[in-house]
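One chain, chain A, links the two complexes that follow: it is found with chain B in the first and with chain C in the second.
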Partner chain A sequence: MNKPTYGVVLFHSTQAAIKAEKILKEAEIKIKLIPVPRHLSSDCGICLRFEVDDVLAVKSTLASKNVQTARIHQL
Partner chain B sequence: MAKIVDARGLTCPQPVILTGKALKETDTVTVIVDDETPRDNVSRIATRKGYNVKVDEKDGEFYIHIQKAGVEPVGEAIASPAPSPESNLVVLISSDTIGRGSEELGGILMRAFMHTFTEVEPMPQSMIFINSGVKLVIEDSIVLEDLQALAGGGIQILVCGTCLDYFKLKDKVAVGEISNAYTILETLLQAGKVVRL
Partner chain C sequence: MIYMDNAATSYPKPDVVIQAMTDYMKNIGANSGRSSHRLAIEAGHIIYETREAIAELFNISDPLRIIFCSNVTEALNLAMRGFLKPDDGVITSSIEHNSVMRPLRALEEEGVEVTVVNCSSQGFLEPREIQAAIKANTKLIVLNHASNVIGSILPVAEVGEIARQNDLLLLLDAAQTGGAYPIDVEAMNIDLLAFTGHKAMYGPQGTGGLYIREGVDLKPLKWGGTGSRSDEERQPDFLPDRYESGTLNIVGLAGLGAGVRFVLAEGEDNIRGKEKNLTQKLLDGLTNLKGVTVYGGLDIDRQVGLVSFNIDGLMPSEVGFQLDEEYEIMCRVGLHCAPAAHKTIGTFPTGTVRLSLSYFTTEEEIGKTIEAITKIASK
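After this line comes the complex of A and B, so read on.
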């Protein structure tokens, strides 16, 4: 049975999250835009959830397009 | 015998979707999850649907025993927390975006809210989709998975037929029931509370 575990990547701005989503979709990395989980921040914000196996691809894809990320967490 | 749903490692809304599917096939289901969020979500939705729910914890994993009320317990006794029916809460969604000012931001807010609906209390009794809101319930909707989880959790999803027709989407509906002005208005007028997104 397929049991993905997830990570989330947080951004400093909504605009950065939107840009990152477009880039990661183009790179065909499976992501889902979700609110920042409550235990990570009480601020209103959105983040991108990805499958943990893709963490390196997420990091390198975003870095190659100069998208600044705030933090990456495993869920 | 109880059907086993192994939802370990899965995050919302997958465990809820799998539980909903299993309960359509049989009256007694045991769901295994390894986190508190799916434990709470699955338990809440089953309770709300009128099932008896009992949770055992073993080595950091949760075994959620779900049984149709009235069925004789298999083995150990099943605790039955009283379900708390929400007092006819109806959510009206009249656009595929939330708020005004930016379409792009409004779309993002809608996606974030639909995801979060599966994780917060109280659950509405019905969700009504009118005007461009109907774009959320079709095959290639970006929030389809979340809405399927909500429907699986017992939320009635009513979709405006006129609106589907207007946008030429009638044959693409993937969740909920196509409804009409009578049912939609009655649902709104009989609601204890209407929340409009």
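After this line comes the complex of A and C, so read on.
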């Protein structure tokens, strides 16, 4: 089995990252809060890692719940 | 010992509040929004879950629009100082606490026009009086939801409708109602909601906050580190960080979250129902006593769980001292930080004796309190 490749969502605020974590968990999307990777500049110290196949689900779920994101990167 | 001073701060607190605070102190302890290790994230969860519980309590759609402050006074200062500019007009009522009046008087010295609308001697406000006070420069209406002196409840939804129709903002001071009386920021058209954590929301002292409706921008009350945009020397413009500089009172917020979840689990209707019943008993017991004057409308549907009274020939301080010394009943006496309210009800400068109950007050305690006041009044 191939190891999944990941993307990350960056947020302006830690509290926004935590809000997003909660919403994506409720939507049963596999995510994890991780420190922002060193090579990505960031607005807060944590970001949400997701499996890259879920990128559309992540985007649409967050948009539907009006969660503001800073940027989305593929790792 | 009978604690009848819940309008100053509620006591006791639910056990879950103490447990949540102890759990944070013992097992988590970290700061939030600065580092990214697991304990920092745990602390962030606690803060967010407290926001979420408060959002549910007040029907706020986005928990991130709740700003935590050290108390409702700071929240009111942030709202009023952050919004009003010189030459703006603001309308308030004559039964406000000094947490509203003093910031407004300070703003008046800076050129803000303050209009105080009179309430009745029973502490009630006619919405049309607000309508009549609106001028071309009026920007904001500031009201307390219930008087901390006589417990009268103001017609917030009606004033909210007036505010909406006239394109004004409504700032509500929910110090005496948040948790004990239903508040819905949408149904009541509340743009700014200032609340305290340590009264009927059953959190510890040092907690409170401000809800800011989307589209309303305030100047911050303080600037500083937020953990976000650390490369920038300018204050961030997103919420909650814009208004939450410096480390939060995380242990306090852990307790506040547990307190609000307690309120949600017990049910606001049950809490209000019990407090109404107790307040009615207290009113019934005191209003017919010879030599005792009870203030307010004596209308339980328009009164929160506090009752102000005086005994003929005795200063409030003497009554309070006797209640404490001889009966171990604790209450508050005097002016209750609201001189305008006392002028409105005719008890300035002497003040009143104020009994205030909570969800934890028992019928037996109410009975003993009435008994003690009966004895003091008949001496």
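In this section, the second predicted complex is superposed on the first by the 71 of 75 C-alpha atoms of A that agree within 3 Å, B and C clash if a C-alpha of one lies under 4 Å from a C-alpha of the other, contacts with A are read in each partner's own complex, and residues count from 1 in each chain.
Convention: a contact is a pair of C-beta atoms (placed from the backbone, for glycine too) under 8 Å apart; a residue touches a chain by one contact, two chains touch by 3 or more.
Given the structure is predicted, the values throughout are model-derived calculations rather than measurements.
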Assess the superposed three-chain arrangement around chain A: do chain B and chain C clash, or do they fit?
clash
Identify the partner contact of A:68: answer first if only chain B is touched, second if only chain C is, both if each is, neither if none is.
second
Which of chain B and chain C A:60 touches, first, second, both or neither
neither
Partner chain in contact with A:35 - chain B first, chain C second, else both or neither:
both
With both complexes overlaid on chain A, does A:19 touch chain B (first), chain C (second), both or neither?
second
Specify the partner with more touching residues on chain A, choosing between chain B and chain C.
C
Touching A:4 in the superposition: chain B (first), chain C (second), both, neither?
first
Per the contact definition in the header, classify A:46: touching chain B only (first), chain C only (second), both, or neither.
both
For the superposed three-chain arrangement, which chain C stretch in 7-15, 43-51 or 259-267 runs into chain B?
43-51
Where on chain A do chain B and chain C both make contact?
14, 18, 33-35, 46
Mind pulling up the chain B residues that touch chain A in the complex?
6, 8-11, 104-105, 108, 111-112, 115-116
Flag every residue of chain A that touches chain C in the complex, lowest number first.
12-19, 22, 33-36, 41, 43-46, 66, 68
Of chain C, residues touching chain A in the complex:
32-37, 40-41, 44-45, 47-48, 51-52, 62-64, 226-229, 231, 236, 238-241
Which positions of chain A touch chain B when the two form their complex?
1, 3-6, 14, 18, 32-35, 46, 49, 75
